[in-house]
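Provided herewith is a single structure, encoded as structure tokens, for subsequent inquiry.
We call the chains A, B, C, D, E and F, going by the order they appear; numbering starts again at 1 in every chain.
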Amino acid sequence: MQTHALKLVVVITEAALETLLVKDILALGAHGYTVADVRGGGRRGVREGTWEADRNIRLEVICHDTVADAIAEHVLQRYALNYSTTVFVSDIGVLRPEKF
Amino acid sequence: MSLDPVVLFFLLGVFARLLKSDLRLPEAMYESLSIYLLLAIGLKGGVELSKHPIGPLLPQVGGVVLLGLMLPLIAYPVLRGLGRLPKPDAASIAAHYGSVSMVTFAVATAFLVDRGVAHEEYMPLFVVLLEVPGIMVGILIAKLGAGGGVRWGALAHEVFLGRSIVLLTGGLAIGWISGPEALAPQSKLFFDLFKAVLALFMLEMGLVAAGRIRELRRTGAFLLAFGTIVPCVFAVIGVVTGRAIGLSPGGAMLLGTLAASASYIAAPAAMRIAVPEANPSLSLAAALGVTFPFNIVFGIPMYHRIATALVPPAT
Amino acid sequence: MSLDPVVLFFLLGVFARLLKSDLRLPEAMYESLSIYLLLAIGLKGGVELSKHPIGPLLPQVGGVVLLGLMLPLIAYPVLRGLGRLPKPDAASIAAHYGSVSMVTFAVATAFLVDRGVAHEEYMPLFVVLLEVPGIMVGILIAKLGAGGGVRWGALAHEVFLGRSIVLLTGGLAIGWISGPEALAPQSKLFFDLFKAVLALFMLEMGLVAAGRIRELRRTGAFLLAFGTIVPCVFAVIGVVTGRAIGLSPGGAMLLGTLAASASYIAAPAAMRIAVPEANPSLSLAAALGVTFPFNIVFGIPMYHRIATALVPPAT
Amino acid sequence: MSLDPVVLFFLLGVFARLLKSDLRLPEAMYESLSIYLLLAIGLKGGVELSKHPIGPLLPQVGGVVLLGLMLPLIAYPVLRGLGRLPKPDAASIAAHYGSVSMVTFAVATAFLVDRGVAHEEYMPLFVVLLEVPGIMVGILIAKLGAGGGVRWGALAHEVFLGRSIVLLTGGLAIGWISGPEALAPQSKLFFDLFKAVLALFMLEMGLVAAGRIRELRRTGAFLLAFGTIVPCVFAVIGVVTGRAIGLSPGGAMLLGTLAASASYIAAPAAMRIAVPEANPSLSLAAALGVTFPFNIVFGIPMYHRIATALVPPAT
Amino acid sequence: MQTHALKLVVVITEAALETLLVKDILALGAHGYTVADVRGGGRRGVREGTWEADRNIRLEVICHDTVADAIAEHVLQRYALNYSTTVFVSDIGVLRPEKF
Amino acid sequence: MQTHALKLVVVITEAALETLLVKDILALGAHGYTVADVRGGGRRGVREGTWEADRNIRLEVICHDTVADAIAEHVLQRYALNYSTTVFVSDIGVLRPEKF
């Protein structure tokens, strides 16, 4: 099967940022996104997700290389200093590249 | 000191958490309970408001808003000077203490009801009035301190259309428009069950507050002192304001409690977006880990005594 | 026009959403409330049913099922002819309007109760009877139009064992088997709190319905006209059917309201699977964005007047 | 046999599940309801406890704990010998049947209340006392059988600070400290609505239990026999113990029901961690798929007759 | 550590399809699946997850190349025309290949 | 954009193991983790997530190769025999390698 190589950018961060992040990534050229509610822990401590100030989201974006770069850099620059933030990128394949 | 069951539920949550029980309330339950409480407080206040002409209340409204604007301006220099906190943190904590805790208000009201102490029933109006100004002033201080511009439009939207304000004002408006008779079929859920739902919510608050205690060890003694002394001072300011605007001792006690209480719903949400440099652990540790339990257990009875001493009974 | 608090809760949701407040009800709360409402309506109807002999009701049952089969057959040509909608969309919307909205029914019942208007208390039976046929006919139209075969087994399973039917019929059966005395200890939750829980649910409905308004701009004026005129016509048909099967004015008004209402729980779920080519935004925009608020705010009082005019009072 | 509505809700859940309806209760609703039930049972027992001097209860406490320690020791050899189950599975199932089902207890209490049968109101204390020992003994058997060491510290933490124990004991403590008057404002939620919330929970239990039936086909006839016969034997032992410690017939019936019931909350959670080699499908199929419905539908009336026959009425 | 190369197929689509999809992917040769409730936005608009008609699921399947191809193609052919659907595939490694 | 190659270890297992697993993976050298509630099915049957004994979690850890190996092996050795467990590893890129 012929798949087309794209990037998957995953951002794990505070739930409070959801609206802002979605706006940002669409402005940076992504055409879609998926969000899940998660909990976790990292350098900035444990976020257990038992109440609003303590919940993380996991935002996942399928996009082209350049958009992926733009999103990853933007998120780190704009939010990573002050918010619990984790970003990673991986290689994926899709069947309908025109969609992303 | 005999503790109200509502406080015992809080302590149960604290113990469960400190003993590392796996007890957790599902987040949807936490949210549902807080939606209920906000609406119920608003409805109750709105129904009472519908019994009064609005005109005579306007001077009180002015006084309460002034109180809200003033409190963070008192807190900020203390946090900077004595606490040696960075500007954003000081501004953020000031905003939390300028705003109010709806649950503390509910517990204080239940305290008065249990003792049969009369108070202005439209007090929930003041909860709404006090929730916003403190946050706005806190943000203003932070932005001015940082020299950056403030996007007031976005900010006002964030603050005025935050969940808690919308539910409180919405409840107030529905109660006010409907009046007591139309709301009678709603009263079995929103009024009769109120105190028990509050108890359940306090269990969750205990779990959450106890989770903040560890932070306190890190942030040291200042926040502990700040979180217990400032509420007492603010309570006196609130009670005196209450007296000045003509409230009964019960009403003045509630205004004192509101002043003494620190927000942990509206303020954290707003400050996280508006002043990202501020460390939310600090403000939550103080508001939730220190001041909330302090008010619930010690503050409320004390503020009641203060109000009884300072405010002449209504005639 | 003085609005019932239940409607005010709906409007609060609408405003919160249109003003882009971050107010959301947790999905688990939405689901829990709707499970409660479905069970409570069923139980109530079942208890009333247990007081009647079933035999004399059978002709009414027949009449109501006929009504349910007829409504989508009226709606479909309108949607195709005047609306110029593709076949699957026309069939899907016809199914939504052939089925019923349980919450609209609940608000209408509360409307009658508030005004002390008598009505057949076993009406929830008709909610169940009306929920399914409209959907079945809608699917049938879609499948015949597409020339494809219909997997009736799978379909009947999907429709008859859908969540809302199971809860409604389950509640009916439990209420009917148990009767009023055995259910007395349940009544404090399922009956006394009903209207207040309905109010909470209406808040969520307001949030959801307002989120559908944007779709309307895209889909233009036809759905707006369809979603307001068809309910009025269907209400008259429902009221006349009610009169024909011997209902009281109150009962006929409720049957008219059921006919006028459009499903947004059972029908969307069934149509999404059975007629995937249909665009769900269209049917939800009409059912939830137009007809639901229209019925709640304007329709119900109007249908009451229609029923009072057309149906002679029970003697 | 006329079934209580609470049982009908359970059967509704069973039917919905067996007919493959898409009816599901949101997990947050399941958890919220079970938190409510645990707290309410605890509070009720605590309030009653506050009316008694504690001293005279101590012998009863001892008897009940002994009962809890004994039951798994009876079950284990049966599971090994007749059931030919591997050691860990036998130990795990023994622990489930040594512990108790809080919902079975609630249904049995409602059964007595409906029939106006007097019983010791502080019975929830015994629920707590019976919940833990069975689990501990089950783990002990498993660990001794496996020759491995037991980390008792971690284990005790797991068992004593598990969610259900904390809520039950917490409720007991709050009810006991507060007493009936202070808890009066809580009673509308925690006591008046109890039976209806129990009904809702039983709907969920029906869904879950029916999901376990498929496992039974695989595990064969032994678990079916075990899950119906052992409860009857344990019920007799429980009733006799109740008589020995001086309970009324109603109280002895409840103790019998507790002995006959099998845990499906505390025990599965504890055994999953403490005895990972045990297959949780077996114990849940027996406890939830067989014994729970058996007790609810047949057991409770039977245990009532047993207690009436064996225990002389209080004088 | 020696890992065995397999594929991870991720399908993000409307919650209404969950039962159908699970049946399909097992029939196509997968031996397991994992489902999470998510929300998101894409070409067919925003799906916020606040009520049933508006919820997405994220279905994740570990399987061999050929099964991955079959699943991806089947999902796109059968559902993508009429349902909000996103499918992507990525390379993963597992330790116990016989399990999948 | 210069990303640094790391590993993503994903563990899908019974919810009862969450506390234990988090402790284990931090002890094995990970500096963070993310957990989501999921449901699923596999060799040990269906876990529908409708109540506590029936829920899965999806634990995700970004870490270096060696830590990833350690986690995957530890989880399989310690838990896979007796618990529903799925583990997989994939290659990802991050911008701030010092964080993980």
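Operating definition for what follows: contacts are C-beta pairs under 8 Å (C-beta built on N, C-alpha and C of every residue); 3 or more make two chains touch, one makes a residue touch a chain.
For clarity, every value in this text was computed on a predicted model and none was experimentally measured.
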From chain B, what is the lowest number of touch steps before chain F is reached? 2
Furthest chain, CA centroid comparison against chain B: E
Distance-maximising chain from chain C - centres being C-alpha averages: F
Calculate how many whole Å lie between the centre of chain C and the centre of chain F, each centre taken as the average of the chain's C-alpha atoms. 46
Distance from the mean Cα position of chain E to that of chain D, given in whole angstrom: 40
Chain centre separation (chain E, chain F; CA means) in Å: 19
Going through chain E residue by residue, note those that touch at least 2 other chains and give them in order. 36, 90-91
Chain C touches at least 2 other chains through residues 22, 24-29, 31-32
Chain pairs that touch, by label, are A-B, A-E, A-F, B-C, B-D, C-D, C-E, D-F, E-F
Per the contact definition, I'd like the list of chain B residues that touch chain A in the complex. 24-25, 27, 30-31, 204, 207-208, 211, 264-265, 268-269, 272-273, 276-277, 280-281, 284
So, in the complex, the side of chain E touching chain A is made of residues 12, 36-43, 56, 58, 68-69, 72-73, 76, 80, 86-91
Spell out the residues on chain A that touch chain B in their complex, using ranges where they run on. 14, 16, 20, 45, 48-55, 79, 81-83
Please name which positions on chain B make contact with chain D in the complex. 2-5, 8-9, 12, 15-16, 19-29, 32, 110, 114, 192-193, 195-197, 199-200, 203
Please give the residue numbers of chain C that touch chain D in the complex, ascending. 26-29, 31-32, 35-36, 39, 157, 161-163, 166-167, 170, 173-174, 177-178, 182-183, 185-190
